[in-house]
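Below: a set of structures, written as structure tokens.
Look at the two complexes coming up: chain A is in both, with chain B in one and chain C in the other.
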Partner chain A sequence: MKKTKTARKIIKTVKLAKNPKGLDAFFKAENIALIGASHEQNKIGNVLMKNLLKNKTVFPVNPNVDLIMNRHCFKTVLEIEDKIDFALIAVKAEFVPDVVEQCGKKKIKNVLVISSGFSEIGNEKLNENLKSKLEKYNINCIGPNCLGIYDSFSELDAIFLSQQRLKRPLQGKISFLSQSGALGGAMLGNLAEKKIGISKFISYGNAINLNECDFLEYLSEDENTSVICFYVEQIRDGKRFLEVAKKVSSKKPLIVFKGGVTEQGNRAALSHTGSLAGDSKIYEGIFRQVNAIQVDNLEDLFFVANLFEKFENFKNIDEKIQVITNGGGYGIICADQIEKNGLKLAEFSPKIKEKLKKEIPQVNITNPLDLMGDVTNERYKIALDNCLNDPANDLILLVVLYQTPLINEDIVEVVSGMNNKRKKPIVLVIPKTESEFNISEMLEDKGLACFEFPENAIRVLKKFLRK
Partner chain B sequence: MGEKKAKKSQDNLVFTEFKAKEFLKKYADMPKNVLLDPKEVKKTLLEKKLPSSITLPVVLKISSDFIVHKTEENAVKMVCHEIDFFKTLADFEKRLSKYKARGVIVEEYVKGQELIIGIKKDKTFGHVIGLGLGGIFTETIRDISFRACPICSDEFNSMVSDLKFKNLISGTRGKKNDVEELKKIVIEISKIPDKYPKILELDINPIILNEHYCKLVDARIVFEK
Partner chain C sequence: MKKTKTARKIIKTVKLAKNPKGLDAFFKAENIALIGASHEQNKIGNVLMKNLLKNKTVFPVNPNVDLIMNRHCFKTVLEIEDKIDFALIAVKAEFVPDVVEQCGKKKIKNVLVISSGFSEIGNEKLNENLKSKLEKYNINCIGPNCLGIYDSFSELDAIFLSQQRLKRPLQGKISFLSQSGALGGAMLGNLAEKKIGISKFISYGNAINLNECDFLEYLSEDENTSVICFYVEQIRDGKRFLEVAKKVSSKKPLIVFKGGVTEQGNRAALSHTGSLAGDSKIYEGIFRQVNAIQVDNLEDLFFVANLFEKFENFKNIDEKIQVITNGGGYGIICADQIEKNGLKLAEFSPKIKEKLKKEIPQVNITNPLDLMGDVTNERYKIALDNCLNDPANDLILLVVLYQTPLINEDIVEVVSGMNNKRKKPIVLVIPKTESEFNISEMLEDKGLACFEFPENAIRVLKKFLRK
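After this line comes the complex of A and B, so read on.
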């Protein structure tokens, strides 16, 4: 029928290259020229120098200085003899086009421009000037007006925030693409605090030539990325985005948070990115069309990504949830939220129901399964084991109220032992308490997904289940 | 879709109901109608006799390229009784020359769920198609979902499932609406911009869906000059 014809037309074959646009030159760089390097403490050119120096060979460039951190400082990039993978540019905006011209002459094919003062403040002339230089020498450019890039695997730290002020997150397989730099920076700190690991972080600012599509393509091919988080205010290349994002989301979960969805937000976006934020309803539809998962707040961007990363091996999970709790109230809230979010409470299969009745006769075998206040580690173990073996449910929502007297810290071993069997996703709800052991932290360290409140857990689960 | 845009589009080519329906007739069924030209209107009023082709209830509309919003201009009315028919016709007749109207359309009255199908040329994504609740609910409830054109069957389904009031599309109180027909229409309409890239806006509002049919009642198209 006509249907297939249309479908084929929409999808079109977009070939994703192995190293799209040669972005490896940035992320796997060894030799980096830092143009605008500085010896003055806390200057951007100084912070960048320190961050890069930890693991890379840096060629500082600054015509006014001879030595920076005991390294010879070059007057221009043209003086450097070695091959440069990319030039990191942090000079005043008005100097950027000239500096790029020199990069072009030095045959540097990749530049990352931190400097701001281009189209985002209405300086179209400077923007065009930079653009023409980039085109003249066929140079790939990240930015301008961005925070930089970060790669925990290649140990590239090209962001202009000091490591004292902003602790970097752990290594992980979530990559984060952000149009906004400030927001990206704040989130990195947040992720470090939450112990959510990161693979790559890309702040791409004004996207003068490399735009969201190039980065999405690259991340979808990146072996160290299993989930992509994307903060965006305005898609630059809508037509290409439709094709690329569809392809990307068929390979890896693509989670999107769109800023500027309200009129107020839109106005802020206008002054902030130098472009109009689009109509939110249209964006919503487009994200659905390309099978991206749209979240409504920043926190969920990473909570959802975290679940995808943790449950990477579970494919096509259905929505029937088994709740196990040791507090009746929590069970009720869970059941309410499951229904409200359009998910389902599983029903026990008759066999497992009988087995549970025999093994824990003091418990009423229903869903939510309330193991009651006198629950022991052993009772949790029996319940978990049986529920994980019950084909009637798809995943377990496990509430542990650590205050009850007959459980102890060994519950961590019980739960993580069960989780290690990798039979089904287990999501935990553990209210934070001041106690001898920080049970939720201990469980998180064992690789479990923990939430403080049931409603957060279920809202995030809904997105994870793509409902 | 936007009223504001209609005003802005004065420099563009606008098809109001008559021409828009002519343009869209191969894409969707429409209510049966007859156009009474000004002479026939006069004659009908004089004879006080319903033309044989007409059975009540019907909807009377002034057909003019100079009326963009018929309701606001009191240029559309549903009539159930003969007495109303002649009263309305007489009222319309007085205003025909003012609107440079081609006459009065007498149209079969169709009843069902009012929906809107719209196309808009979006500056980022190109032509997008919207499907939502139409008629008086369009602006108040704003329940509409969009996709980039053209769409396939699965995309139509997911578009419907995005709507808060999706049940109104499938049918309520045991009635099963002809969603397949709607799907066919939406998919075919989503292909129009490929053929006519100059379309800026296309509003089909309402299109009426019930168990038996899906009929396009009113439409407007704006082409870029």
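After this line comes the complex of A and C, so read on.
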């Protein structure tokens, strides 16, 4: 208890600055020096060049080449006359300290180091060497040993994976901070496939000077970010994290997935980045203390974030759920999962119950509300409308099995029309099927949140409701 | 203990008959009377007609119509001269007993009743009436209140959902028995979407005379079924189920998903089919006693079955897992999940460890084996080959993040080539991404089992390993 109180006291004194640590220099950069630019197809220095060039002014640096993609190539950054917002460094690890020295001389204050081969493989000497250069010139550094950064609003693509290999996600207001680059990359691809949009992506690797706290602070001030997702194996400075993360989560939902929560997982983390993942109970305690939402499935990280983004305007939602279904079995599974997850099935208010009895007399008015196999679009509409008007529930879990013969694709309009009134969150369960219409895709395009299975929907809802 | 022993004793005396209860009359039917056939588009009697006609000889019965789809329509089954394998009944509930009476007179011994409106809505009188007709003529009945049956081998499609609305799954050796019709239908569509093949599908509804035990017995003898999936809310005859299911599961994996495992779920089940779902602990005990595999997620029902079908030739696999990955973060999550699920990370045998150290010196030889971001197809091949030859592990969990630049689509050939040697089960984790190639689809087409997330893969593996 005492500890918590102390922490709280400190937090009150922490004030988050706008543009903390001047990270806008990275995310709103226009002029970027690419050190280690390459003209060879598929080389990292070539992929980065192509990705950056789409929207930014790139100054390629490579002492061995004159022209890259028809652009003059500089021998060193010192030759560049323009002001550089940040230098993106993708040379062999052993050359990084020298290159950073040159950046310092050129008065470049921000570097993003993609190169790996530092403390993550036990090369502490090289690590210290890089550190001292950064300190000498007071340079902000993202990385080393990272995938890069991405911003869908400023259209900065500083990720070293090609856009053919990894299609970027749509624009959205979820930002994603990842200690692991490979996991970050895989998730970006997954988000593109799931059509969940993102704002900023930051792979921060070894965090040699900028660390998770700096990025969290920055994202909490970012107007294009409304939800923050965070994959982490190790928090380096627990005390500062307690302060910063609490402040951050008071402004925006902070959703955390922790890698290395078991002994075996810890051992794997140690061999991965040389970081000691630490006791999972301690981490759970920290995340609880800072009001972060810890998810246990990688899959849930973005689905929870997606609900926060979609339902941004609903505050303090309680856990009384009204289930509407056209398949009794799905109703039963929903009821099971709601109870298992400690949520509640709402009870109808007497008034709405009477109204429903009159308007859809063929239906047994209970929760789950089973509209039955002969359900029509119209019956769905009546049920939804009444349930949305019932003060006795807090949100609607709506199951639509598109197989039943008397509904058709107009069900999309019925549901999205009701959703547009924004009375309550509506969460959908729609099994993905091979059919003439892809109802869940059509509903997602209308801004609704769809899940394939009741279990996933309710597990994610529980986290969204912070239960 | 005593109870178990008694049960075992009885089981030894139970002998499953080939073609139990003569159910071949349904599944291998050639001549089918469709009572309640309709010429009106989208009516159930019309959809059934179209579905059946693709491969079977149909005798439409409807006293009010002369021709249906250019075929002579009979007033009653008594007018039909040919021998009828079974009658498919889709008339209003109140007419069903009379129609069954006529079937009895025509010496039809098998009926499938789609119609609903019996005990599931509390109409016990009609239920008893139907029951007495069935007993009077000694008729086998599937249903009433069901979706129908399907057989991908005999090409029987007696499901009342149109093939436009619900594309049927591919052919496979998983059979699916479902108490709930709507859930059965939704899952069929989901299986089609996931390209998981099925053999037989049986929606048995109210089980007025043929019940789950009869169908399980039949499926256990069916040469086209190698795995049985079962969605159940209520088992009617516990004693017989104990006997039959134990015998069935000694022949084929029996995977069960139980709806109504909580108080709320039970209440929903009661209002759904009038069936009392019962205490979940008792059910868990029953399923354990009969060696059925109970899954807790609807999603897992078919993924577990899929592993059993794919790895049919591997017997008594132990739980020592070798993880191979090209992303450290994924390795950590796999290690976490393996420990959380009570499985084991294998340790390398000294010989293989030495071999790997020589052949891929850039890699740290631990489990998870992280082949790193600069992995090539060749490095994957060396790792896989050695791990498959290592007696110290029982199966391989292989993570492929297709984003890393130095692998390409030939990785499909590398993995499937190794898989074709059938030394050990290989289970894949491949995040679905938007990319130039859909690697997981390509690997699934080659017969491999792919999962999108480590958590799901390992949860399903645990059930497959019966841990």
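Everything that follows uses one rule, which is that the second predicted complex is superposed on the first by the 456 of 467 C-alpha atoms of A that agree within 3 Å, B and C clash if a C-alpha of one lies under 4 Å from a C-alpha of the other, contacts with A are read in each partner's own complex, and residues count from 1 in each chain.
Criterion: a contact is a pair of C-beta atoms (placed from the backbone, for glycine too) under 8 Å apart; a residue touches a chain by one contact, two chains touch by 3 or more.
Just so you know, these numbers come straight off a predicted model, no measurement behind them.
Peer 1: Scan A:Gly329 for contacts with chain B and chain C and give back first, second, both or neither.
Peer 2: Touch partner of A:Gly329: chain C, not chain B.
Peer 1: Please tell me which partner, chain B or chain C, touches more residues of chain A.
Peer 2: After superposing on chain A, more of chain A is contacted by C.
Peer 1: According to the stated criteria, A:Arg165 is in contact with first (chain B), second (chain C), both, or neither; which is it?
Peer 2: Only chain C; A:Arg165 stays clear of chain B.
Peer 1: In the overlay, answer first, second, both or neither for which of chain B and chain C A:Val248 touches.
Peer 2: It touches nothing on chain B or chain C.
Peer 1: Between chain B and chain C, whom does A:Glu436 touch in the aligned arrangement: first, second, both, or neither?
Peer 2: second
Peer 1: A:Ile282 in the overlay: touching chain B, chain C, both, or neither? Say first, second, both or neither.
Peer 2: So A:Ile282 only meets chain B here.
Peer 1: In the overlaid three-chain picture, which partner chain does A:Ile235 touch, first (chain B) or second (chain C), both, or neither?
Peer 2: In the superposition, A:Ile235 touches chain B alone.
Peer 1: Could you pull out which chain C residues touch chain A in their complex?
Peer 2: Per the touch definition, chain C meets chain A at residues 42, 44, 47, 116, 160-162, 164-167, 178-183, 185-190, 192-194, 231, 233, 259-265, 267-269, 271-273, 277, 296-299, 326-336, 338-340, 345, 364, 366, 368, 370, 373, 401-405, 431-436, 452-456.
Peer 1: Given the complex with chain B, which residues does chain A contribute to the contact?
Peer 2: Listed in rising order, the residues of chain A that touch chain B are 2-4, 6-7, 9-10, 234-235, 238-239, 241-242, 276, 278-279, 281-282, 284-286, 288-289.
Peer 1: For the complex, give me every residue of chain B touching chain A.
Peer 2: Residues of chain B touching chain A: 120, 122-126, 128, 130, 144-148, 150-155, 158-159, 162, 187-188, 190-191.
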